[in-house]
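Shared chain: chain A. Partners: chain B in the first complex, chain C in the second.
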Partner chain A sequence: MFRSCAGLIALSSLLLSGAALAQEKIKVGVTATLEGTYTVLGEDGIRGHQTAINTLGKKVGDKEIEFIIASTDATPDSAVRAVRKLIEQDKVQILLSPLSGDEGIAVKNFAKTRPELTFVNAASGAQETTYVDPAPNFFRYNMDGAQWQVGLGKYAYDTKGYRKIATVGEDYSFIYTQVFGLVLEFCGAGGQVTNRQWVPLGTKDFASVIAALPDDVDAIYLGLGGADAVNFLNQYQQAGGKAHLMGGSIMVDQTILSAKGNAKNALLGTIAASGQADTWEDAGWQKFVKAYQDAFPPNKRFPSPSLLATNYYNSTMALILALRQVNGDLSNNQAKLKEALAKIELDAPNGKIKLDSNRQAIGTNFVTEVVDDGKGALFSKVVKVIPNVNQTLGYDPAVFSKIGLPSRTVPECKKY
Partner chain B sequence: MTRFIERHPAWALIALVAIALLLWLILAVWPPGLEETIGRKRVFLNAVFNGITLGSLYFLVASGFTLIFGLMRNVNLAHGSLYLFGGYIGYAISAWTGSWILGFIIAFFGVALVGIVLQIVVFRRMEGQDLRQTMVTIGLSIVFADLMLWAFGGDFYQIQTPSWLVGPIELPLVTAVRSSGEAVYLRYPLVRLVILVAAIVIGIAMWLALNRTRVGMMVRAGVDDRDMLAATGVPIQLVFVAVFALGAGLAGIAGVVGGTFQSLSPGEDTRFLLASLVVVIVGGMGSIPGAALGAVIIGLAEQLGSVYIPTYAIVVTFLIMVLVLALRPQGLLARR
Partner chain C sequence: MSLLQGAHPQTSQPAEARAALLAWPEFNKPAVWLVAVILLIMPFIANGFFLIEIFATTLILGTVALSLMFLAGYGGMVSLMQLTVAGFAAYMVAVFGMSANTNISLGWPWWLATPMALILATVFGTLGGALAVRTEGIYTIMITLAIGAAFYYFTNQNWPIFGGHTGINTIATPRFWGIDWRSDIPFYYVTLGVAAFCYFAVQYVSRAPFGLALQGVRDNPRRMAALGFNVNAHRVAAYAFAAFIAALGGVLQVWNYRQISPGSVSVGACIDILIIAVVGGITRPIGPFIGAFIFVILRTFALDLLVKLGLDGNRFRLLIGLGFLAIVFWSSDGVIGLWERWRRGAAAVDKRAGGGHGHG
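What follows is the complex of A and B.
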């Protein structure tokens, strides 16, 4: 009797779960750099993604979104491999990918081979991704590296009085784009960039790079991220470095500012620019910071979300909102979803975001300065907020296209 | 040495000239023409010193690797994990007690203990089966990497340098002469010099232990003919355990060194495994002096490369490896 009863329960539960399975799911593949130099960035990106899910929920009408996460290591081939795996094995219909610059260019090119699917950029910021030959099914809700530097060059020249600077950066597309934005503005204001050093992504020993830094400059701009940035600062301090520093968007970021050890203190007073500022008083931003802090215990997160968390939050939010607008309708090669994504205007925590005709974000940028909160934790403090930054950085598109694409030597240091 | 000069007089002359040139580059004040063509002397000197100190770190990792290989013919591909594990132990201890030195001691013994367990539980069961050991160590390195990611997360850890080691000191090497005739001396991070000295001391101690003690004699005999040594009644398994413990412990110490002047994070394990593979391939598998030479060559190549040909810096290391494999496949200082 008991046995048959148990059998019945088992059978009915099986049937019930079958019914639950029958409810349609929307499968979304997510990639993040959970290996290698940018591990910390990827982890915080996923935290931002999770925060968005906590805030908005996974339901779209009577369907539910299922997110599947795959890991990459910031190299383009790892990103394409992860995306392929998600599409072919996990049968995802939508991609939320990738995190890093070179990955972005590769995934955009891959997106063209699968025009029926939808790709929402998670956080990558190379200019080329959406500026050169953009893919019609690739949407980017974060600004690119050059947009994230808007305001820094002028602030350095006018307010700080820097006239000559040198740059050190990782040798790949996102940092090229960042230096591009900086050099255009700084040289446009009359400053000089005397030396640009490029180091391979994943460099551990910066001692010789530090020794080769010029002495006769007012400040040194650092375009490094993740482990590279921490190693640089550590060795810079050991070498007794004293120069003024300027930072790129992933250099002055919670991923570095809350690293263990005291090397980060070399960053105190550093000026930087990014798509966010830790201490911005805007209500939407504060609400997001609170949601992020509440979602994870203090030892499993940063004191305040990093740029990556914010980007993943925004792209996840854009996707969920657009899916809800079309009620989860993915028929006709997801045409309705793509239309909704292109039109959506986000009330993001770091300012309003809308897309241009290349499906590239137009948003708000922040110039910041690193401050100590009095208890040893470092934060980026807002010194200037610049709304409506577009991909051509306010230049006429014709003039902008003459400058050339970001690279080790482009742009030249002159007024365009 | 004299035999080498007798056998290869031309090579000996070239080596002598190269050494003399290097000494001149390091000691002399550079004429302005030279500074214009290859840059400031400060940059060059720094790159050379950095190459040598980086080499000393590589030596610490690779010497344990090559010692284990030399005696047991066992390519321990989990060596990088031992390095990273040692670094994390060093971080935990020095953060907890505030003592950098204590971090070294406990990292050495902690990782040596892991080495002993590995030898007894894993390697003893598959003695002489190279392929199986290699596969198992690859598997172990992946398991260790995930366990450490679970325990320590993806954060970057830096071991706090004790305050008496922070900052640069002036070395009695002139980098330039100011127009006033005043000499400018090289300023160099003290902590790197201390690490260099420590690596040299460890290297010499190991050489002495191998060549001047009874245990060292057993190890050398084991390298030459393991079976014969066992037949003479030496407790070979005990020697194996001791060597594995020492090799693992050295990797642990290297982890603390690496955590002090670089940083610890997931991925460092494979990086240092690769570095020590390249070092022992260049230097010669199983040879301690070979590991020292290979480490210095690779360190110098990386640092000089990153200054003078930054774009191709990564290639240089592997180019050296390819050249060695093509011209002297057993490695520079391997016997035979």
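What follows is the complex of A and C.
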């Protein structure tokens, strides 16, 4: 009897506690992939988010922002469930969500059913999210997967002299978008993509994939992330693979470069492109790296922030700055906040960011090469900086729309 | 004949009422009426979040788990593909109905798409069942798990019909008589209605000749075969019936989230249904609903509870696992078993336990 009473009290206090705290607070729901294949990415995303809060503070006028974090596992279902939980149970007014590509597409579609709320994309990078039928209350301050590959194809063709490549990627929208950006530029320059392999997200055994890699190519492009990337590299090394590698934005990233074991050494000399470069000299970037390093003890963070940390940092910063511009005014279905978010220009650590008419970021992209810092830690070194990359990758919008949406086979390997 | 019929109402009304009470002993207990009334007036007690995320979700998961309970409890067949059948129905609603993905969806109105989905999912479940009945025990578990896993990987990689890892988004939900049936209160009543329908259907079938024969097949297939029953036909029919119930749950689920993708039919989710059924107890149809309620409560609040206690919120799965472990450890037949043991202890009456309401 006593036990059941105690249980009841615990349960009811849990249910009532939500109502007791409602003062002058702005509630923001945050989702990150804290489960599954992309767990390390989600955790570093949250570190970036925390760094932004440390730098900017939580105060907006006389109000305070309260952030509530929910966990997902990179599947669209889990993202919609988490977002609904945040809105309905925690009564958040603004969402900072989600992390992964397909989650982004699902949350964008969900955003349309709640037009009164504001959704700030945290880090997801599928093209479709903001390019096809965008939601008016969904804002994305990071570039999409294709924008993050700008410069890589030309660099591989012109400087490295690669003519024929094959790709291995995870079978979902973000990696399609990445390969889309790569193929468009590499084939446009005259290169050939002979083979595109797709593996399900969360693949553990890459033996058949590695066996099927063609021998007559100059390089192999890897569009993998998180645990998948580490598993692939381990098995690739054990199989004695020696090909030149090229990497996608979450492949050549601190989430992989600082993984334990030798597998990552296969990446030395790999060229890649991303929305950031670990060793960029820019003062703003260095300041951000310092803030990130100071915020967490060395064993609880990466040597340098990952792309996810940067994206979460930027989206959190955009939201806090916009809230301050309107002095926390969320009346009239948050109209003022939405206007401010659409107009804001971020002086982000990885270059200036502004939004286009689809509320999609136009930003700076980096072509990088993986180097050893002499102490065994790997970093990405800048070889080229490309400013003002827009979602149509510099193509005329009419031409761009003819290419089609990124998928397993789109775009074809030709000059558009 | 006509005379007899004419005399029928007067003479046998009390007898009929008594027969009805015998057939539906639940109606004789005040606790059952209390639960029914609470469920009916729930929208006046609970707000949107509790109504949909807790109670409607409980009813939906409970309905899917009920189909497993029917197979396992009355048929002795543990099928791990019940969620797959539900997911198949959900996908079919998306494929035949309307969604944001116009390349896939055929755009049929809901009243055409939903029956189509139910029929196809029932056929799918029956075919899977026809495969599974050739096996027994652990092999049934294996083959149904294989069907579930195969379906998951198929949806993950098939783009023309299932939309790959992205799945299908913004699925249209029914709107008629001027009501948006997906808004909180109508949707709650829809799920309650469907769950109640399935509950009573299972209850009824378990006492009908077919259900009794099925329980006979569970207890001694050889003897039933010797008595002239077609054992396999009974089992396949049980799969068909269970598939229809699971399909109803699947349709509700896709209306609830308005989105379906492979994560919803993953192997983990299939196992969740088994956990729900086992935790609730597979001896009675009410078990899966109790199990679903515990599951949903744990899944929703474990993270918050850990954070409140000052622990690392990332470990919330551990708490869920420990909760289930505790229940299964102290009662091998789930919460229902605990309840029955407690009642038996209180009344000190030796009642025969076990499956099938003591009928079977």
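Definition applied: the second predicted complex is superposed on the first by the 393 of 416 C-alpha atoms of A that agree within 3 Å, B and C clash if a C-alpha of one lies under 4 Å from a C-alpha of the other, contacts with A are read in each partner's own complex, and residues count from 1 in each chain.
The criterion applied here is as follows: a residue touches a chain if its C-beta (ideal position, glycine included) is under 8 Å from a C-beta of that chain, and two chains touch if they have at least 3 such contacts.
Because the structure is a prediction, the values reported are computed rather than measured.
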{"item": "Which superposed partner A:34 touches (first chain B, second chain C, both, neither)", "value": "both"}
{"item": "A:200 touches, of chain B and chain C: first, second, both or neither?", "value": "both"}
{"item": "Which of chain B and chain C A:143 touches, first, second, both or neither", "value": "neither"}
{"item": "Partner chain in contact with A:307 - chain B first, chain C second, else both or neither", "value": "neither"}
{"item": "Partner chain(s) touched by A:109 [first = chain B, second = chain C, both, neither]", "value": "second"}
{"item": "First (chain B), second (chain C), both or neither touched by A:222", "value": "neither"}
{"item": "Touched partner set for A:208, first chain B, second chain C, both or neither", "value": "first"}
{"item": "On chain A, positions contacted by chain B and by chain C", "value": "34-35, 73, 171, 198, 200"}
{"item": "Chain A residues within the chain C interface of the complex", "value": "14, 17, 34-35, 69-71, 73, 75-78, 80-81, 84-85, 88-89, 102, 105-106, 109-110, 112-113, 133, 171-173, 198, 200-201, 407-408"}
{"item": "Touching residues (chain side chain A, partner chain B) in the complex", "value": "34-37, 39-40, 42-43, 73, 171, 197-200, 202-205, 207-212, 226-227, 230-231, 234-235, 237-240, 259-263, 300"}
{"item": "Interface residues, chain B side, partner chain A - complex", "value": "39, 42-43, 46-47, 50-51, 53-54, 91, 153-161, 166-168, 187-189, 191-192, 261-263, 265-267, 271, 302-304, 306-307, 310-311, 313-314"}
{"item": "Interface residues, chain C side, partner chain A - complex", "value": "48-49, 52-53, 100, 153, 156-157, 159, 164-167, 169-170, 257-264, 266, 300-301, 303-305, 308, 313-314, 316-317"}
